[in-house]
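We just call them A, B, C, D, E and F in the order they show up, numbering each chain from 1.
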Amino acid sequence: MRIVVTNCNTTRSMTDEIVRGARAAAAPGTTITGLTPAWGPESAEGWLDSYLSAAAVLDTLRGHREPYDAVVLAGFGEHGREGARELVATPVIDITEAAAHLACLLGRRYGVITTLDRTRGQIEDSLHTAGVAQNCAAVVGTGLGVLDLGDERRTTEAFLTAAVRARDAGAEVLVLGCAGMTGLQRTVGERLGMPVVDGVGAAVKLAESLIALDLATSRSGGYARPLPKRRSWSAPA
Amino acid sequence: MRIVVTNCNTTRSMTDEIVRGARAAAAPGTTITGLTPAWGPESAEGWLDSYLSAAAVLDTLRGHREPYDAVVLAGFGEHGREGARELVATPVIDITEAAAHLACLLGRRYGVITTLDRTRGQIEDSLHTAGVAQNCAAVVGTGLGVLDLGDERRTTEAFLTAAVRARDAGAEVLVLGCAGMTGLQRTVGERLGMPVVDGVGAAVKLAESLIALDLATSRSGGYARPLPKRRSWSAPA
Amino acid sequence: MRIVVTNCNTTRSMTDEIVRGARAAAAPGTTITGLTPAWGPESAEGWLDSYLSAAAVLDTLRGHREPYDAVVLAGFGEHGREGARELVATPVIDITEAAAHLACLLGRRYGVITTLDRTRGQIEDSLHTAGVAQNCAAVVGTGLGVLDLGDERRTTEAFLTAAVRARDAGAEVLVLGCAGMTGLQRTVGERLGMPVVDGVGAAVKLAESLIALDLATSRSGGYARPLPKRRSWSAPA
Amino acid sequence: MRIVVTNCNTTRSMTDEIVRGARAAAAPGTTITGLTPAWGPESAEGWLDSYLSAAAVLDTLRGHREPYDAVVLAGFGEHGREGARELVATPVIDITEAAAHLACLLGRRYGVITTLDRTRGQIEDSLHTAGVAQNCAAVVGTGLGVLDLGDERRTTEAFLTAAVRARDAGAEVLVLGCAGMTGLQRTVGERLGMPVVDGVGAAVKLAESLIALDLATSRSGGYARPLPKRRSWSAPA
Amino acid sequence: MRIVVTNCNTTRSMTDEIVRGARAAAAPGTTITGLTPAWGPESAEGWLDSYLSAAAVLDTLRGHREPYDAVVLAGFGEHGREGARELVATPVIDITEAAAHLACLLGRRYGVITTLDRTRGQIEDSLHTAGVAQNCAAVVGTGLGVLDLGDERRTTEAFLTAAVRARDAGAEVLVLGCAGMTGLQRTVGERLGMPVVDGVGAAVKLAESLIALDLATSRSGGYARPLPKRRSWSAPA
Amino acid sequence: MRIVVTNCNTTRSMTDEIVRGARAAAAPGTTITGLTPAWGPESAEGWLDSYLSAAAVLDTLRGHREPYDAVVLAGFGEHGREGARELVATPVIDITEAAAHLACLLGRRYGVITTLDRTRGQIEDSLHTAGVAQNCAAVVGTGLGVLDLGDERRTTEAFLTAAVRARDAGAEVLVLGCAGMTGLQRTVGERLGMPVVDGVGAAVKLAESLIALDLATSRSGGYARPLPKRRSWSAPA
């Protein structure tokens, strides 16, 4: 199986980190190809970034000519999911929904721990439109920006604090609400004695599942293929 | 008051039609400036178009240097609203939410009549995230594409048929779910004896209302101004 | 445009205060006429008062013979809105819904700050039936009665305390849940750096908007004109 | 036990019919006293009537000096319930909520069959605020006015037609959405093979239940006793 | 009237306590018969116990040959309710729903105080499927096991602490979320000045009400009588 | 990986059919062991059967001594899921939730096609408590009993008819609401041009996913291991 994983921002080191997480989760026969948008924000932290990222990721997929069997969108809470479902011929899995789907199987309520508080609204909306918001007990921000996650000790402490707040709000399972934080999964889980779901790994397994079951995106309704028409993807020079 | 109205697609004739509708609704002292994105889809009909349109509209607003007091986003059910709220210093009104807000004041339930059935999901999501979905009885498609609306008789008949379905689903008020259909408002309303709300006019009045009351977008939560960072708005040449 | 504003209680000084707020919000060509019910409670603070007020306000509107273009019901969270929509020929705007509609345009979640805690249930119900409860994060009482609002310093402190609770519950925009508190709007907003919506001003602008757009209450469903029948509005002598 | 049953309109013959139904349901030791408002509408069919009725019924209860143990409000979908809970010292049961509570015990979904279509909104709101709307599959109007119910054959046919629509919408239990239709209960139930709940009987049994269990309205929140203040219940002469 | 009350566990002393509570609530002509399952858990505290208990209670009812007019299921939050509705010819009332129905009549929001925190999910689900979850403000655990309730002082203190938490979450009425705690009802109610509903008493009164009104479980939908087929109720020897 | 699949009834041929479906979906290294309860109903069609089945399946799992890595519960809409999560040390996947989780990834709304209409309520409740009901457009019965599914032509026609009803209600993806119907999946999908999800296959892939990601049921809340106590699983001889 050939899975394409798209980063939602232009930072290649983050794509590399995402690809490492995806490969760790992939089955033996699965190949992972990471794509970094050639344009867009260097990190997605807010609505403006998210809409810019959505168009850039769709443009990236549009231009990707190698064959593949599924797409994983590796931007937690970012826009574009439904557009990718229209655009590409294969199943599309967003890491936001993927983590939530698996979390629902492990406990009665789950909580999402994410970076900046300002991204909470996007995540809540994304879970809602994906149909899995009901059992989400809380989306909690750590106050850390995407590009601040390098300081491991500070990051761990911030995520533990947020995780305790999610647990107090009723969460029995935690979701890491940011791509590229695979290391945190083990630490937070062990310290709190709760399962922690990473969206990238979850999405890879769901993508493999759909491929194996030969299930494809429905074309009978909202995700019909795009109508042929003039579309320009950047301002004229 | 100076209101900027953004078309969601690159078709200038549609911008002109939108501007005509906006001016018809505007108060004497209000000036309307229409903006047409330099890139994006020629019409927005589906998720891919909508995300492409969102980035193009945000890019258009980013580059607009003339002063203004409010922005009206004239794409029914299209994405980008929250990004525009972050980006610009003035209030932002989306015609989707605007029509729904006024419709709630006129009857117990409202229905939306729109173009292609495939856009229904986007409209439902947009009403939900705007907080006004509860009293929406139905979103009904006419099966007409955005650029097919030129044939007046056919368009009117299609909208009347859809309107009857919305009424049978409980709607007491109708919302025209497409920009640039101002003419239909009167015809459909008279034939069915129901108030019909056009989003462009509604958004202009709500924009004037916020300006008059000196109310601005909250910066204390999800709509804080965008963080300074590298963002590129198109692929490198 | 001629807007009639009804106080929900028999206290004329409160009508005067409401009229002042309405005039401050009105467009140049708009005239504001305040009506004080000849019967009912001296202040509306609870369900009994609210139902008594509803009948008295409807009786007041029934007896008002001067022509007008819209009605603003200036009782926050009070009953009667739908009855007025049936009764009068013009649009009817309730300050509760009006404030919520505008608040939804300014932030992702809003909070209502009101007087006595006992009125919270009525406000929640009124927002729900108006279709705008979804994005309400909290309705918070200050513990002050309607007629205690004269002590400005105490009132301001109590509202600031309640506003902080609403913000902590997720509100990004505040709504003043009581008519006649126009002064508080600026103070609370400046101290907390959040937009604050006053229902009276909001309702006046929405009323002007509906009049300008020539939109009237739907008669095709629940707000059909009252059936002719015997109704007596007070006990026989 | 002494139960006071209030008609919501001024038509004494309807009070008599309600009292008959209440007595048929009452336990041996229970006495039923019917009260007819001295003012208000001759029948309650719409929002204006309902708010007028609410004040008249509260005024009626305010003036009733004989001791009693519970109040039954016999206006289906009419306002005033929460005001009566504040006002009187005993439990208060509204026939709308009473029928719904018992219906929930008899099947997975229930449907309400009522008179004019215009009253559906009030009933839906009343069920919602009472906390029992979730399992209501439909509220269906018969098109008959309250005072048209005398023609037994026509009434029966209209209710059967409406009942079939409710059943098709998923109802397994029917609720008669109007006081004074006790006769219909048996006919409709037998013809459709479904249990049919009459609100008056249901409310009498729930009132007896609360009295027997010595349960009283909570005063710790929204139903605290009314504050002492000036209230006038009719216009000055 | 003859009411059968089933304990959800095999502990006879708890059946006795439940029967005492039921008899205290019953009308003069009502006889109460307590049934203790011959198999199942000694106490029901969690999902495994609840499903085991459901089958054992259904087996108990299946084997009960004496005539009766209604069944009360005296396991708070336990499964089996809908199965009993299918199985027996009479009305079936679960103490969970019964307490919630009466609580809705006494205040705007109610709270449930129960034993171990682990049972909260079952109670929430049971209230939801019964259609009465909307006005539940909180389900609060005391941390006490079912068989720990013997220490009266400790039990009372634990319930008072939990009750205060429920009140702070908005509850105006309390529900005792465990059978066999009839004594606590008075103590907690008096200390907090709030009505406290015991499910066993509530269910007895609702059962008597349905019997008196001659209302039976609907057979037209989900609660049709079980299909004839082979069912074995225990492993072959 | 070793996955145990439990049939919900005592019919071995159905277990065989389920095991065939599970093996068809399983990855190369996965072994499937089918378990048939030694007691319970011969088919599960209604609430009584479902509760009886739940206890029998839990008893079956309790007695299964071979090591395994995950459990798949192959009863569509049947009870017991949360009890199995408490009981066994491995992840537990119910085919109801599994099919819904994957369906959400393939279209905006899904519909369930099931056997008898009487089982619809159980399925709706099961989807709700699993947290995936939001995007379910309809649960449609075919009128066929579980043991009637042998007649292939009749079964296919009945499922196609039901599928069209689900599509008309908004479904873009179909879920086969019964175990052991793997053949239907292809036929219905091809005839309607919609993806069709079979719960058994979906559950096997989700089980493999959780095992691969080393994710286990949370023990920090409602799914803590059962308390040690006396439990008897059948009536004393």
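FYI, a contact is a pair of C-beta atoms (placed from the backbone, for glycine too) under 8 Å apart; a residue touches a chain by one contact, two chains touch by 3 or more.
Quick caveat, the model's predicted, so the values are computed rather than measured.
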Statement: Co-neighbours of chain C and chain F resolve to none
Interchain contact steps from chain C to chain E (minimum; 1 if touching): 2
Message: Same residues or different residues where chain E meets chain F? The copies count as same if more than half of the interface numbers are shared.
response: same
- request: Sharing over half of the contact pairs with C-D by residue number is what counts; pick that pair out of E-F, B-C or A-F.
  value: E-F
- line: Rounded to the nearest Å, the gap between Cα centres of chain A and chain B is 29
Query: Taking each chain's centre as the mean of its CA atoms, how far is chain A from chain C in angstrom?
result: 44
Task: Could you please state the distance in Å, as a whole number, between where the Cα atoms of chain B are centred and where those of chain E are centred?
output: 52
Query: Do you know which chain B residues sit against two or more other chains?
result: 82, 108, 121, 128, 221-223
- request: With chains as vertices and touches as edges, which is it: line, ring, star, complete or other?
  value: ring
- request: Please report the chains around the ring in sequence, anchored at chain C, with chain D in second place.
  value: C, D, E, F, A, B
- prompt: What residues on chain A touch chain F, complex-wise?
  reply: 25, 27, 82, 91, 93, 97, 101-102, 104-109, 128, 130-135, 167, 170, 172-173, 192-195, 197, 201-202, 205-206, 208-210, 212-213, 215-223
Residues of chain E defined as touching chain F within the complex: 10, 38-43, 45-52, 54-56, 58-59, 79-80, 82-83, 85-87, 117-118, 120-122, 125, 128-129, 145, 221-224, 226-227, 229-237
